[in-house]
Structures are given as C-alpha cells and as structure tokens.
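Chain nomenclature is as follows: A, B, C, D, E and F, assigned in order of appearance, with residue numbering initiated at 1 for each chain independently.
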Amino acid sequence: MKIGILVNEGPYTHQASDSAYQFAVAALKAGHKVTRVFFYHDGVQNGSSLTEPPRDDRQIVERWGKLAGQYEVDLVVCVAAALRRGIREQNLAEGFRISGLGQLVEAGIQNDRLVVFGD
Amino acid sequence: MKIGILVNEGPYTHQASDSAYQFAVAALKAGHKVTRVFFYHDGVQNGSSLTEPPRDDRQIVERWGKLAGQYEVDLVVCVAAALRRGIREQNLAEGFRISGLGQLVEAGIQNDRLVVFGD
Amino acid sequence: MSAEDGDTPGVIKRFLFVNRKAPYGTIYALEALEVVLISAAFDQDVSLAFLDDGVYQVLAGNDPSGIGMKNFSPTYRALDDYDITKLYVERESLTERGLPEDGFVVPVNVVSRAEMAAIMSQQDVVLSF
Amino acid sequence: MSAEDGDTPGVIKRFLFVNRKAPYGTIYALEALEVVLISAAFDQDVSLAFLDDGVYQVLAGNDPSGIGMKNFSPTYRALDDYDITKLYVERESLTERGLPEDGFVVPVNVVSRAEMAAIMSQQDVVLSF
Amino acid sequence: MLHTVNKSPFASATLTQCLGHLTDGAAVLLIEDAVVGGVAGTAPGALLAECLKGHKVYCLGPDLMARGISEGRLVKGIQTVDYAGFVRLVTEHDAVQSWL
Amino acid sequence: MLHTVNKSPFASATLTQCLGHLTDGAAVLLIEDAVVGGVAGTAPGALLAECLKGHKVYCLGPDLMARGISEGRLVKGIQTVDYAGFVRLVTEHDAVQSWL
C-alpha cells in the first residue's frame, strides 16, 4: 500500500514526531511504500539543520533524513508554516525540501492512506 | 514591583507568547519593572531571527526585541532547550541572549513575582 | 481502493477537515483554513467539520484586536467562491457551550452528533489539526 | 516582600515545581527536571508537586526503549544528593488512575488534595510546565 | 495566590483540577481559551458559579472579545479585566500559579 | 474507520469526544499519553469497557511500557499491538481519523 504521513508537531517537545517515525519504519519494514511525510504547523521544526540534542538522545532530524535516503521518502516542509517559524533553505536539514500545502493535498489523493500525527 | 516572566511556547503556534507580551507591556505601562523574560521549552523559538510571518500579521520576534530595547528587559533563551530546537547564536534575533537555566531560577529569586505563560 | 492511479486526472476523493479547537488560543484553526483553501484547487470532494471547541471558529463576532491578532473569520467567506460549501457544525457541541444554532460567519449545516459521525465514516481522507 | 534585596546572598524563597503532565508524550516532565536540578545550586527551599498525570513521572517501571526514548527516571534519584527531598504526590490523582500508593522511583510523600492545596498556597514562586 | 487557567474546560480537565486546589484568599483568572468556560448555563459555568461562593473569579476581556463572547453571557459575579487588570491582580496576590 | 487517540483521558476530553462518533466497524487505537486510559478500574477504563461491546479497542504496547503500565492492568478485551500492528490496523481499515 501507499501511505502518506502528516506530522503537526516539532521534534522532542511532543511525541508526535517519534510516533510518526516509528510508524513509518514499521510500514516500510512491512513492505508498504511511505511516499511522503508532510511537516506542517510546528512539525516544520523537524527539518531544522541546527538542532543539537544531547548526544545520548535520539537524533530526530537526522534519522528522518536517513530514512528518506534509504527508502526514497519525500520529506516536505510546508513553506508558509516554515516562514512563520524560522525554517528556511539556509537552515533546512539534508533530505528535506520546502514546498507548498498542495503537496499535502496531493499526498491525500495519491496515497491509499494518510495518517496524521499531532498534538 | 519587579516582575519576571517565563514563556514556555513558541510564537504563533500558541497564544502564550502573545499573552506574555501583552502582560509585559501592561506591567511596564503601569510603572513596574519587567526585569527578565525567560524562554524555555518551545519558547526558545521566540528568539529565532529567521521567522518571517505574513506582513499583515504581528511580528512577534521583532516586538520582543523592541520592548527589550525600550525598557531594558533581559530576554534570555535557555541554551539546552535551544540546542534541542535549532536555535543558536547564528539564528538568534537581536535583543535576545542565550544562557543557562540558572537565569530562570535567579529570576524567581530576584523578582517580586514570576508569571508563567505556556500550554 | 488502490491509489496506484492516484495521479490520474479525475480521481476524486472525499476529504474531511476536522476542526475541534478554539481559534486564537492556538494557530490550528487558521492553518487548517489555509490547507482547505489550497485543497480547492484539486477538485476534490471537500467537507469541513466543526465540533467540540471548533464551533467557535465559525461564530460571527470574533474580535481579536485586543490580543493583537488578525481576525481571520472573513476568510471563511471565501470558501464559497471555491465551491466549498459543505460546512457541518455539530449541534451537541453548540448546546454544551450555550451557543445558539445561528449567528455563524458563513452558512453552515447544523447536524446532530450521529449525523456528524456518519459524515466522518464516509470519508477517504481525514485531516485533523 | 520586596525583592529589592533579591540578589543579597541569603535570600531563601520557597520554590514549587508543579508537574501535571504524563512523561514521554511531551518533553515537559524531562525539561522540568532539568530546571529542578539547576535550582539546587541556588540554596532555595525547593519542593516538587506531582499531581494529575504528573504522577506517572515518578512511577517505577517506566521503560521507553520501545519508543526510542531514554528513560530519565534515574535522574530523580539524583535529587536526594542535592538535598531536594520534598517530593509530594497527590493521593486523589493516584486513586483516579488506579495506581497504588507505593512503587515510586524515589521516596515521595503521598498527600491529600487538601494538603497539596495547602502546600501550593505557601509558595513564593510556582513554576509550572 | 492567583491561579491562572488558559485551557478550554470543554477540552481540558485543567479548570476542574485548579478549582480543587483553592485555599482561602485564592482567586482564579481565566485567560486565552479558558474564557469560554465562563459562559452561564454551561457545565464549567456551573463549576465557576460554585467557586464564586468562596473565591473571586476573573476573566480576561480581550480574550473574551477574540472569541466573540459578550460579557453579558458570563456567569454573574465573574469580573472582566483587561491586561492592566491582569497586572494588578498579579501584584495584589502574593504569588501566581499558572495551571498549564 | 480507525480512530486514533493520543491524549490522556484524565487530562483531555478527546477520548470521550472520539467515542461519541464511532459508527459500525469503527475501531479505536490508543497511542502516546492516551494509553493510560486503558487501565481497568478507572473512569476512562469504564468508558472503554462500554465501547468494547460494539467496537474493537487497541492500545500501543511500546507506549504502555514507556509509562510503566503492564498489559495485565488493562480493561479485558483491549488488545495490545506494536508498531507493526498499528500499520496493519491502518491498512485493514479504509481510512484513519486522528483525534488530536
């Protein structure tokens, strides 16, 4: 099956990003395609290249990027939400791209399921 | 009176930052001193120099900086919370400084009141 | 239904935008509305549900000038121009909050909780904010 | 009390850290603990309140390895080294959640809601997360 | 002690939890989304009417206006304040506890 | 429809609100902080026991473990799943509604 994911909260603050990641990994391992993860609201902070959590903690931004590279997952950060929250090309982490909300609607149309994680 | 303020949420997403700002302005107008605003949790995003909200919206980051300049309010962003969330010197807005959690405890000790705004 | 043919022009899915949070306390209401407006360009079957504290979003008379924010209520009026007309407000949510069944900023259909549940169950894509 | 002399060495205020949220679902519990540890350096009169879903923070047996997070329960044990020993857990919050009055990761005082309210009322500075 | 509550009592248990912890002289201030709980004829309104028998209850006017609620619809006895009034309440009470 | 709930029902009205909107064939999955509501002998546990008469209720095991709750304490009938089970539930139902 083709699955799209929407992440509405930033990393570390809320578990939404963790749940979405664990769900995505499990879906990929089960042989499904996770075509796109769309980051909206505070979720855009998942794409910040400047995060530096304690070394013994999970590296949320980095692991999204790795997952995307390994399985060709399209990581899209909403441009409008990102501008409000200080995410731009200059601090966008590897593996992410900035685009419009149309990419979220498209993810709803083109996937068999869209799963939302938020607060 | 000397008043300290703690802001636990980021700008735009939650009203906490707006409430804190309106409260601070009212306190200053009433002749009180707002000695320090401490930004913790997602509140550190109030100090991001890269935010660019729609032009007809309030400019939250900028107005904090202006208030600080006008009334000598110490705007402190928690370093540990900031590192987790991608705020560093390189994207820190004018008027803010990054420091440790001790500054929050100190704000509790040195002020007559500490008012917390969060989610 | 498989989405293998999802990008074929002509695929129409039922999209439901679920609004359950009060406006202004958080940005979810405003940013949800931004997605709804974009969705209009995709010729999908779009519905909006307002229940729980989401009913405050479509009340007439909101005035956030005192908290320094912009009133985004007028934007709901633009939905009609985009042929987004299925706006459902839950009666029980209004009653619990002591709100009448009129006085909305745009025309809405007031439906019972059971009807709202039925509407929800018929969707292909449910977006919650 | 005026704080004009706030930075005079020897000023001791009663600080209460109020914990009302479940751990792991949000970061508040962990980041609250980080402030508490720092506060130890300031020789203040520090208390911690655990009520509502905050009681889950001090339960023994939390294991977040399955969600990829680090267990921060052991950090509560460090509080004793810093002479932070006033940890209050509300009995009514435990009861509502079907939890016993033992099985905590550190020694705590289980108090009634009325006692918790009295403790809260005696503070100079209340930090909520 | 001044207790502030900022969450809608229709969505969150916070108001109820706060009201269970008031002691003599404590007052309650509703801000942000919590102001919707002040409306007469609702379940949280009834809780606040009960609370008013022993405590003062305030509501932040600008937040009421933002959500389209006129003062006349509030439970009788709830006093509306502006931000200057919020500051006054903070200075008049010996400490503030925010229920987040 | 698979309904997911992620907030503690002791803090939030979301679980109650979700349960009021289930139709035939709908299932409920508790994740994140919501898992604490699955414990037998509690108010939300009673709501879920009632729900189980007409619907399947699931609970995400890794989230239970994180909060120190053993499966044995759950309301009888609630099934524990891991993330692979979460994915399976998503594929088995025609759509997912997240109650945030």
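Just a few scattered comments:
Here is the rule we use: a residue touches a chain if its C-beta (ideal position, glycine included) is under 8 Å from a C-beta of that chain, and two chains touch if they have at least 3 such contacts.
As the structure is a computational prediction, the values presented were derived from the model and not from experiment.
The chains in contact with subunit A as well as with subunit B are C, D.
Of all chains, D has its CA centroid at the greatest distance from the CA centroid of subunit C. Of the two chain pairs shown, A-F and A-D, the one joined by more C-beta contacts is A-F.
Seen from the Cα centre of subunit A, the chain whose own Cα centre is farthest off is E.
Chain centres here are Cα means. That of subunit B falls 24 Å from that of subunit D.
The geometric centre of subunit C is 29 Å away from that of subunit E, both derived from CA atoms. Averaging Cα coordinates per chain places subunit C and subunit D 40 Å apart. Contact with two or more other chains is made by residues 6, 10-11, 13, 32-33, 62, 82, 95-96, 98, 100 of subunit E. With touch defined as above, residues shared between interfaces to two or more other chains in subunit D number as follows: 20, 24-27, 52, 67, 69, 124-126, 128-129. Contacts with at least two other chains are made by residues 8, 12-13, 15, 19, 22, 41, 84, 112, 114, 116, 118 of subunit A. Listed by chain label, the pairs that touch are A-B, A-C, A-D, A-F, B-C, B-D, B-E, C-E, C-F, D-E, D-F, E-F. Against subunit E, the residues of subunit F that register as touching in their complex are 10-14. By the touch criterion stated above, subunit E contacts subunit B in their complex at residues 6, 31-33, 62, 82-84, 86-88, 90-91, 95-96, 98, 100. Remark: subunit B residues 1, 3, 8, 15-16, 19, 22-23, 25-27, 29-30, 32, 112-119 touch subunit E in the complex.
Every residue of subunit A that touches subunit C in the complex is listed here, in rising order: 2, 6, 8, 40-41, 80-81, 84, 100-102, 104-106, 108-112, 114, 116, 118. Remark: subunit D residues 1-4, 6-7, 11, 13, 15, 27-28, 31, 34-35, 38-39, 41-42, 44, 124-129 touch subunit B in the complex.
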